[in-house]
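As written, the chains take the letters A, B, C, D and E, and residue 1 is the first residue of each chain.
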Amino acid sequence: MNWTWFHRLGSPPHIYRIAGTLTPWFAWPAGLLIVAALYGGLVLAPPDYQQGEGFRILYVHAPSAWLAVMIYGVMASAAAVGLIWRMKVAHAVAASCAGVGAWFTAVSLVTGMLWGKPMWGTYWVWDPRLTAQLILFILYLGYMGLRAGIDDLGRADRASAVLAIVGVVNIPIIRYSVEWWNSIHQAPSVMKMDRPSMPLDMLAPLLMMLLGFTLYFAAILLVRLRAEILRRERTASWIREVLR
Amino acid sequence: MTVRRTTAFSAAGLVLTRDLRLAVRRPSQLIQPLAFFAVVALLFPLGYTPELGKLRAIAPGVLWVGALLASMLALESLFREDASDGTLEQFVVCGQPLVALMAAKTLAHWLLTGLPLTLMAPVLGIALGVPVEAMPGILFSLLLGTVTLSLIGAVGAGLTLGVRRGGVLLSLLTLPLAVPVLVFGARATELAISGESLMGPLYLLGALAVLGITLAPLAAAAAVRIGLE
Amino acid sequence: MSELSVKNLHVFRGERHLLRGLGFEVPAGCCLQVVGANGAGKTTLLRVMSGLLEAESLELTWRGERVEPRDPEYHAELSYLGHDPALKSDFTAAENIAFNVGLRRRVASQDVRSALARVSAEKFSDRPIRSLSAGQRRRVALAALWLSGTRLWMLDEPATNLDAAGQALVASLIQEQLSGGGLVMAATHQDLGLPAAQRASLEIGVHGVRT
Amino acid sequence: MTVRRTTAFSAAGLVLTRDLRLAVRRPSQLIQPLAFFAVVALLFPLGYTPELGKLRAIAPGVLWVGALLASMLALESLFREDASDGTLEQFVVCGQPLVALMAAKTLAHWLLTGLPLTLMAPVLGIALGVPVEAMPGILFSLLLGTVTLSLIGAVGAGLTLGVRRGGVLLSLLTLPLAVPVLVFGARATELAISGESLMGPLYLLGALAVLGITLAPLAAAAAVRIGLE
Amino acid sequence: MSELSVKNLHVFRGERHLLRGLGFEVPAGCCLQVVGANGAGKTTLLRVMSGLLEAESLELTWRGERVEPRDPEYHAELSYLGHDPALKSDFTAAENIAFNVGLRRRVASQDVRSALARVSAEKFSDRPIRSLSAGQRRRVALAALWLSGTRLWMLDEPATNLDAAGQALVASLIQEQLSGGGLVMAATHQDLGLPAAQRASLEIGVHGVRT
């Protein structure tokens, strides 16, 4: 099988250009969707009959929580591609994912904690989802710490790729185990995340927000990827052409 | 001189016996993780309460967290010396499958820390008010759990090879991965203490160990190769 | 045909394109002495050839066949002696040799003794490495190299820390390896005193300029 | 070239700024003890129970055991790197009082781990159900306690210089010395949580810190000299 | 009178009585080259003289006064360059020199630059040590030694890892130190090419001393 197309696709100058062209195509819809969803969520949606206005933090909280997990998947897949096919661009993608993923995780944690104070009277409970999210955050930190700890770029790429892959094997196991841990301990489960039905005027903005966040992630990933490629290839001759 | 090549199997055996002999040369090494375990487990009640009844409730957590931390601390030295004196380089160029050598090193680590920790646990358990009937269950669950901990740790130690002052980073990488072991292990211990059947968590611990045995040496070998560059 | 041939070797270190399209051949019974100023890339070259460092590109032919530098079959015939000679400070010289060579081939204890005799290290063969001087450790490492019986030796500054007798010893070990049909690549600033027919030299440094 | 000799004071300043700059070169190293502290604090609920009410009772122990371990792990690297690259030899022969240089290194270690750990503790306290009113007391007791821990650790790190597998041995040497800190610290935290006056244990912690500041650098310097031989 | 004089030096290593009643004198402007086979005790001697290793007995006279080898005043005039040259791998060459020399004396940044120029290390003066080759690191260590401006140098195999130009550099640094009235004790197998008037040599053998 002829793989040249694959490698041409993965060549840094090529990706750099494609990423530049694609960014606005993600950024604009993301912006529009987020604004619309904010309007829908903060203005149009009725206050929750139990939680009052406080529930509106959900529109930031839930999408960032979902994205945090999704981005880890993207990161690990990119790392695996980089490790197996020795594609430098894939490593650059993984490296660009980590910061964004950690950031979304942090946002979901902080918004959750801020919400928790009025809802449960405390910033933190050891609920399985919360715990799993916290562990995810630590995994991100570990990944970034490992990357920062190794000077040589190629070595950092490959070592962190191994870690990302090990982590992705573990995440479902960790989720399952904390789920199991708490269900046995029968903690006072205050957090009711899987409510059976949500009125459409509440749900629609949430889904829009999710889509908007995803597109926003794609856009920011492309931007960071370009920066990462520039950093990595700063001595290559094509850079001079691009920057001219 | 007729030159007969060493098989992968006996090369791994050589690595294992070497690590064990090195440890025997310095017996203090054998005692260290144990003493550490003891100190943590005993320090803990010091800051909490001397009542055995209350202590029994926290015993599973203390035993498992103690074993986890002791085994993790000993991990740091798993590859450090081999890396700095050039042994790992020789492992890579000696023509033997690195996976086998890594598996041997992990086994040695378990025999030198995980196993003694397990055998030590009943003593500490008694100090924490755990009834004697619970001991077989605790022993067995620790036996399974420490194997997995050593395996996870080997991957982490391989990954942090090239990292200066990697000690803290190593724990940061491995501890989250060890969460399932801790959860199932502590649960098994709890069931053992309350006299119920602990087969459920034991099966899960066994499954984790099997998964670790199949995957971890591969990942550790890859990590070591990368770390040496 | 040459037993070892290398084409199109490119290596980057950091951002520098250190080795650019290097190629060379080493026939059986020949020692390729790698020379070059400090920082030219001698260590880098030897590590790449031993599969310890990844090259950007490398076409390596060993005994007529294309191999990867990480191929276990290739490694089985190769010894690498770098700055750290893989000696455990708690083991004696003899134990270290038995272990290090044992990873590759079966060794009996009289093999170890004869190896130690070869490098005049009998006197300290039963002392732990930590109590040996720098030059004594080097001799132990050379004994392990000699005993391993591999066909291809990669030596990075093998004569470091050695006294005059030790330097002569290195030369005679290389000589012996060559007359047995072996190959040697050595990065050293020392004159090995080999006959012209057994010696080739590769100078690096011309290409090692900044991009 | 007029050669002006460096005073002992500015030599110590140089050592301090160097250690701080080395840490800033790798910012991840600054975060790691914090993250490790968080992970240890996370392990206890996982091993014990998720109920905040019950967790609150063990919170003092968890906080102090976590701070102790984090500070000690980071300490191991304090001397190991300097020993292996020859820096400690230069400290001995540079004509400056070794005690001053050791004190500077210890101070750097505290600024890089003890202080951030202290500032981090309230966050973990919240996760363990500690009421907000207890935070000032916890902060203050940790502030005093971590100083002593760093000092004790420096002595231990110096002692284990010549010893292989320093890590666990280091903990062994330092843990018994650290027990009083842990006991008084946990007691102070407990009192802070229950809203009582914690002056008693605080005074004791302060006394320990003063004792450490006067004796530990001397002991560390002696230990380093011996370790190098 | 000789600036440095040693009498009655006895050192044990492990169970062996390595140096037995050694005595020697080094006048100002003279280099004492310590020679001897591997394991003779050269490193041991230099470490004892630098106060890094305890001797069984030692009568040391420095500039006419009896001193202990751990005396800070004596250390202030002494530099020791051993196998590990105290370079932090995360710092650049220039930073390392500024720090290592700064422990002893005030240094301005142009001092550091001139020191790096003295050892032809300008090219890599701003690269972190971890990315330097073995010989490049050695040059950085030599620059720090040169800049420290101490009167007494203790050099253990200073030319290790250096290429031909580097070895000449070591000789010229020693030369410069001697002509400034300094003293050098060097354990090396290399010929330093010093004029006979500036050179003394001390041979230590495996069983005691032959002068």
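The rule is short, and it goes like this: contacts are C-beta pairs under 8 Å (C-beta built on N, C-alpha and C of every residue); 3 or more make two chains touch, one makes a residue touch a chain.
Since we're looking at a predicted model, the values are computed, not measured.
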item	value
Subunit C and subunit B - chains in contact with each	A
Starting at subunit A, fewest touch steps before arriving at subunit C	1
Taking each chain's C-alpha mean as its centre, the one farthest from subunit A	E
Centroid-based (C-alpha) most distant chain relative to subunit D	C
Most heavily contacting chain pair (counted by C-beta pairs in contact)	B-D
Rounded Å distance, subunit A centre to subunit E centre (Cα mean)	56
Subunit B and subunit E, separation of their C-alpha mean positions in angstrom	45
Between subunit E and subunit C, distance of the C-alpha-averaged centres to the nearest whole Å	30
Subunit A and subunit D, separation of their C-alpha mean positions in angstrom	35
Residues of subunit A whose C-beta touches two or more other chains	135, 138, 141-142, 145, 149, 151-152, 154, 178, 181
Contacts with two or more other chains, residues of subunit E listed in rising order	83, 89-90, 131
Subunit D residues counted as touching two or more neighbouring chains	26, 28-29, 32, 35, 39, 46, 49, 84, 164
Subunit B to subunit A touching residues, read off their complex	155, 159-160, 162-164, 166, 169, 172-173, 175-177, 179-180, 183-184, 187, 204, 208, 211, 215, 219, 222-223, 226-227, 229
Partner subunit C, residues of subunit A touching it in the complex	152, 154, 234-235
Residue numbers on subunit C that touch subunit B, as the complex places them	50-54, 70, 72-80, 82-91, 99-100, 102-106, 111, 149
Complex interface listing, subunit E residues touching subunit C	13-14, 36-41, 43, 83, 124, 131-136, 138-139, 157, 160-167, 189
Touch list for subunit D against partner subunit A, complex	26-29, 31-32, 35, 38-39, 42, 45-46, 49-52, 55, 126-127, 129
